[in-house]
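Chain IDs A, B, C, D and E follow the sequence of writing; residue 1 opens each chain.
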Amino acid sequence: ADTPEITVFAAASTTNAITDIIALFTAENKGRVTTSFASSSTLAKQINQGAPADVYLSANPKWMGFLEKNNMIEPGTRFDLLGNRLVLIAPLDSSMDVTITSGFNLAGLLGQEKLAMGDPDHVPAGIYGKQALTTLGVWESVASKVARAKDVRAALMLVERGEAPLGIVYATDAAISKKVKVVAFFPENSHPAITYPVALVSGKATPGARAFLEFLKTSASGAVFEKYGFSLR
Amino acid sequence: MGKPGPCGFVSFLLLLPWRPWLFQNFWLAVWNGACEEKIDPMLDIDLKKVQGDFTVEAAFVAKGAGVTAMFGHSGAGKTSIINMIAGLSRPDAGHIVVNDHCVFDGEKNVHIPPEGRRFGYVFQDGRLFPHLSVRNNLVYGMKRVPPGARYIEFDQVVDLLGISHLLKRHPATLSGGEKQRVAIGRSLLTSPVLLIMDEPLASLDQARKSEVLPFIARLPRELRVPILYVTHSVDEILNLADTLVFLSNGKTLAVGSVETVSARDDFQRLTGGMEAAVVVSTRVDSHDPGAGLTRLEFPGGMLSVPLVDLPVNGTVRARIHPRNVGLALEAFPRTSFQNIFQGIVTGINDPCNGSLVNVSLDIGIPLMATITPRARQELDLKPGTRVHAMIKSVSVSLGYVAT
Amino acid sequence: MGKPGPCGFVSFLLLLPWRPWLFQNFWLAVWNGACEEKIDPMLDIDLKKVQGDFTVEAAFVAKGAGVTAMFGHSGAGKTSIINMIAGLSRPDAGHIVVNDHCVFDGEKNVHIPPEGRRFGYVFQDGRLFPHLSVRNNLVYGMKRVPPGARYIEFDQVVDLLGISHLLKRHPATLSGGEKQRVAIGRSLLTSPVLLIMDEPLASLDQARKSEVLPFIARLPRELRVPILYVTHSVDEILNLADTLVFLSNGKTLAVGSVETVSARDDFQRLTGGMEAAVVVSTRVDSHDPGAGLTRLEFPGGMLSVPLVDLPVNGTVRARIHPRNVGLALEAFPRTSFQNIFQGIVTGINDPCNGSLVNVSLDIGIPLMATITPRARQELDLKPGTRVHAMIKSVSVSLGYVAT
Amino acid sequence: MEFLKLTSVELEALRLSLWISGWAVLGSLVPGILVAWVLARKQFPGKVLLDGLVHLPLVVPPVVTGYTLLLLMGRRGILGKWLYDLTGIVFAFNWKGAALASGVMAFPLLVRAVRLSIENVDQGLEQAARTLGAGPIDLFFTVTLPLIFPGIITGIILAFARSLSEFGATITFVSNIPGQTQTLPLALYTLTQVPDGEAGALRLCIISVVVALAALVVSELLAGRMERRMRGKNRSHVGH
Amino acid sequence: MEFLKLTSVELEALRLSLWISGWAVLGSLVPGILVAWVLARKQFPGKVLLDGLVHLPLVVPPVVTGYTLLLLMGRRGILGKWLYDLTGIVFAFNWKGAALASGVMAFPLLVRAVRLSIENVDQGLEQAARTLGAGPIDLFFTVTLPLIFPGIITGIILAFARSLSEFGATITFVSNIPGQTQTLPLALYTLTQVPDGEAGALRLCIISVVVALAALVVSELLAGRMERRMRGKNRSHVGH
């Protein structure tokens, strides 16, 4: 019979996990899935302009809120799918040894060099990072040493290349790179909870799309997410 | 609705939606109609245009199919004028009427684009298409003329100009003279209704010139195509032209027959005086193949010239150069001078500070002889002296034009 | 180390690190040295080059500072040759030696770049710099010559060419003849050691020509600058040239004095026969201002011509056109003919199928008279007939060159 | 040479990139030449505006262009909606949109190159063509166009290369949908988001470069042939 | 006109953008003209490679260029390290790096425009200059360069506009540090990433456009003056 066609717009940072999950989903013959991975903001704006998305997985609640405000989200379908941790990373060969405590000497560790992180003005990981550093009382001292990257992956790359001795990224990003190591986890209470909300696009609440949304909650999916470093909400 | 005049018709066409290919055929229809009616070819030109500090203000009328030569010092405005006639630049005011068709009228705001005029134009600076082979350069204009309106053959032109071995080449590899010949061929092959040539033979050798010039001279007579011809060569003017337009500083100084205009002082000055000649219109009276002579009748009697192939009773222009006119007080038998005219000295002047003397004679027509002061003393010439003017028949030059 | 010859010296320079400004001064030093030593100017040229289907194979030597005219049909290879001499294209083999300096040698792999040769070149196609004003075009080359090596003044050139009113303009607005004049001025102002001119006067009016030609003619004599002059005008050749190089299909057919080369049949054919003339070298014997005559001595006696401003004992070339030579069986008194030579008919031929007869005479030198068949019959001319050749003094043309 | 074997995803991206860049160039060629001609030859009020408009996609970041396209040509867009009602053509989120985005981004480069060539055309030759009976349109095709051939080639190469690398405007306008809008740069971007993606990214990068290089070589050959013909094979040259 | 008053952040971004684009153009001008000349005039083995290399930044996505720059010119980069040791110049995370990235991205556009112009130069004029005593370098400055002025202007405008909009390579190579590397497009990008940033983004966009338009007008005036001079003020034209 006719397998449902589902289009998933997902934050680029979930590319691996979602790709794997879709493989599982189609293997069960539940439907054919098309994806588009881009930054959450791009996807949100596209959905707002009538993009053919059925499912939207955002890396932060802000852009989900934007779509909700514009009535582009099927009411009652939004839920928080994933969580993430914020970590301090260093190049693999780094000898740096850090414990994150209130007022730890980040500036001293950096010296003349930069701290790579997502742009604290808009990149979710950067926003969380700034909040964490502020809570820990070190933001003032390192603000001028921040290399604000376009997205988390760019920050990751700066550390990979050794251009920055330290960086702040998600645990999931640290997990995909073989050239960096996690130096320390930020205390979970140093920043608001990191959540990835997911929802159906308004008018797209088809059985297929609902099935996919449900499939994300299954333990099979959960295992995949955890494999890539996400925590489940 | 009354029958509209040509200018009216033209303005009407200009109101039509602008479709050049369609248009082109319209113009052709207009021209062809005209040609069939055998309207007497003529140019009626009156132009004014300001270009920087330079003002062109030229007006002339040339009647009958023929060669109109434009002559004037370098920078006199010749190229500027023919650009306007060809439609490449727009005059500020005036009118251009060719063969009774008005192609420009400042007041009625008529301005037919160049492609609607079907004038052939041989440019002073060649302007061959560098991306086309010589053959494609030649046929570029020809292809745009319906076969029915063509009066000249490809092979004929290629042979005349001696460019058959160049057809496959591209202009970049041609020599200066080869380029010039291709440019002439290209415009001839459009079978134009008026042929405009801007110093077309400047870089050709004499042998080629003497082939091309008579061919050009035949076009007006045989095909009724008027020619507007810019040149610095007095020889070419005297050989070709019916009407001479003499320009200076953008103004027409004189317009008229070659005979009258070329006799002007300012014309003679521009040609360096050296080239001055008395030009007479003559009628072919008879041929004498045995003696190798043709006899031409002119108001002063008969002029013998070497045998030429012209119809009896046709007219031909003869040029007698004052430096070739000898004077004697008696007539002598048994000389090689076939032309000895009795005449009377009408004036003597001395233009070159004592090294040369110009003697004006009346032998039925005015004639000039240039002699040395010594000869003047020996012959004791003064106004009223009766003399014999001796002219070698081979020193008389004839124009190509005869009708 | 022995003193290196010029070619060796040149190859040595070519090994130096390539610094054009430096180089330029080197070349100038080389040339200036030469000029001070007053080496007798000469051209020694031997070239071979294949261009497409066309092969240039030309060799000629011209001794003494003077005008070497290159003459040949359109496409004969004139421009190709002077491009090689100027250094703009490299011959496949041969050598080019100018004033004892070797600027190209195929075997020794010497090839001085054009800017090192300091030859002035007036191009057939103008090539003015469109981005520079006329004044800046004129001084472009001048500025690149040290003041000490300049032999010609800016004002002098501008006046001669009549371009002072154009100095502020840009080439785009100039007429054809104006462009040509600026191009001539531009190359003159480089004070070249050899002046190459490719049909430079083609688009000038006669009045301007007669001002510029004598000026050019003076350069070799007064400044010892040799000139290589390409032209289709026989007049210009006969007036200017000392040596005539006659080309056909890329080969030098003949090289030699104007007198000998211009007498060749193939030369006469190319000039249409109409321009043929007997050219004699003469010595200025005396001036007679009262009679308005200058007497020139030549192997046949004395030739009277209108008074000219030439030093006594100088040599000058006189041209006698066969069509201006009249024949009579007796000598007549009281005519305007100042030159009557007794001679003997040496041959008669009839080149034009009965319309003209060429009579060869011996009057001390060979002379030609063209007459009609009728005159031949009347005078009953045959080889051996004694005749009087009558030549109007004003019909003799003189060259500009005298030494 | 395992490394050189393309995966189906890569092949798909390559195919799509070529298709989209091809259409982008094809589609912008005629309007590009037209606009270049108008800018080179005509004087009219508002010329500066047209000029500015043409340069716009070059001046603003690609993302802005993409977003503007989304707003204008999206399914809800001002023009997009109207176009859909009129012709049924949809640009949003399909290859047509990607081609549109690439075309718009490449347009200024095409126009500038062609315009430069048109300004260099000797108008004397066009005048000659008119006296030979060619009207303005006729002569444009038979004289101007062949003479600006090198400029058109340059414009095409610039436009094609720019299209091939177009990322920001494309991902913003038509999103990153494999098989539909995922061109080489977008696939490359996706690969940078996954672990071990670097090798794949490098492969895609090499593919792009090879394609562009091939296009470059073809264009140089074409232009070279034209040039040789117009200058004469054995043109005199200045030696050193 | 509250809307038109720039905030200090915007002013800073504008200042930095102009500074960086200016240096990018200035720095690439001389090598660009040189490379264009070599490509237009010389035949040598490996010419295709040089040609391809020049086009590379146009062909690969800007992010890749930025990444490559990071690999090469970063503080730990192959060349960057060496350059630092030698001269003390650092490109990483400062305006110099931004200018380098912009310059590299704009380079192919500059080269192509100039090359096109050089190919159009009548070599007969250069030959004339040589017979007038100008050596190859002399004539390049006094004849070739003035004649390709329109091409240089076009190249500069393309390069400047491209620099002004450069985003991907810059943000990848030197990151987005306000006051140091945050140019207009980077500031604009930041604003597009927050839900309420549109008004601010529009302002920055308008600033970019105004700057570019001003540059465009100046360039057209310059080129126009040159053109008028070279063609003659009242040049004959074909009317309709």
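Basically, a contact is a pair of C-beta atoms (placed from the backbone, for glycine too) under 8 Å apart; a residue touches a chain by one contact, two chains touch by 3 or more.
These figures come from a predicted structure and were not determined experimentally.
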Same-residue or different-residue interface between chain D and chain E, half as cut-off: same
Most extensive contact between chains (C-beta pair count): B-C
Most widely separated chain from chain B, with each centre as the mean of CA atoms: A
Centre-to-centre distance between chain E and chain A (centres being mean Cα positions), rounded to whole Å: 36
Centre distance in Å when chain C and chain D are each reduced to the mean of their C-alpha atoms: 58
Inter-chain centre distance, chain B versus chain C - centres from mean C-alpha coordinates, in Å: 30
Chain D and chain E, separation of their C-alpha mean positions in angstrom: 19
Numbers and ranges of chain E residues touching at least 2 other chains: 127, 130, 136, 189, 192, 232-238, 240
For chain C, residues contacting two or more additional chains: 51-52, 80, 87-88, 113-114, 125, 173
Touching residues on chain A, where the partner in the complex is chain D: 7, 9, 12-13, 15-16, 19, 34-38, 42-43, 45-46, 49-52, 153, 175-178
Interfacial residue positions of chain D with respect to chain A in the complex: 67, 70-71, 74-77, 92-93, 171-172, 175-181, 189-190, 192-196
Contact set on chain C toward chain B in their complex: 51-52, 72-80, 124-125, 169, 173-178, 180-181, 198-199, 202-210, 232, 234, 269-272, 274-275, 288-293, 304, 306-308, 323-324, 326-330, 332, 334-338, 352, 354-357, 369-379, 390, 392-395
Residues of chain C that touch chain E when the two form their complex: 20-21, 23-24, 86-88, 113-115, 117-121, 123, 125, 127, 129-132, 140-141, 144-145, 170, 172-173, 186-187, 190
Chain A to chain E touching residues, read off their complex: 39, 41, 44, 62-63, 65-66, 114, 116, 119, 121-123, 146-150, 154, 157-158, 161-163
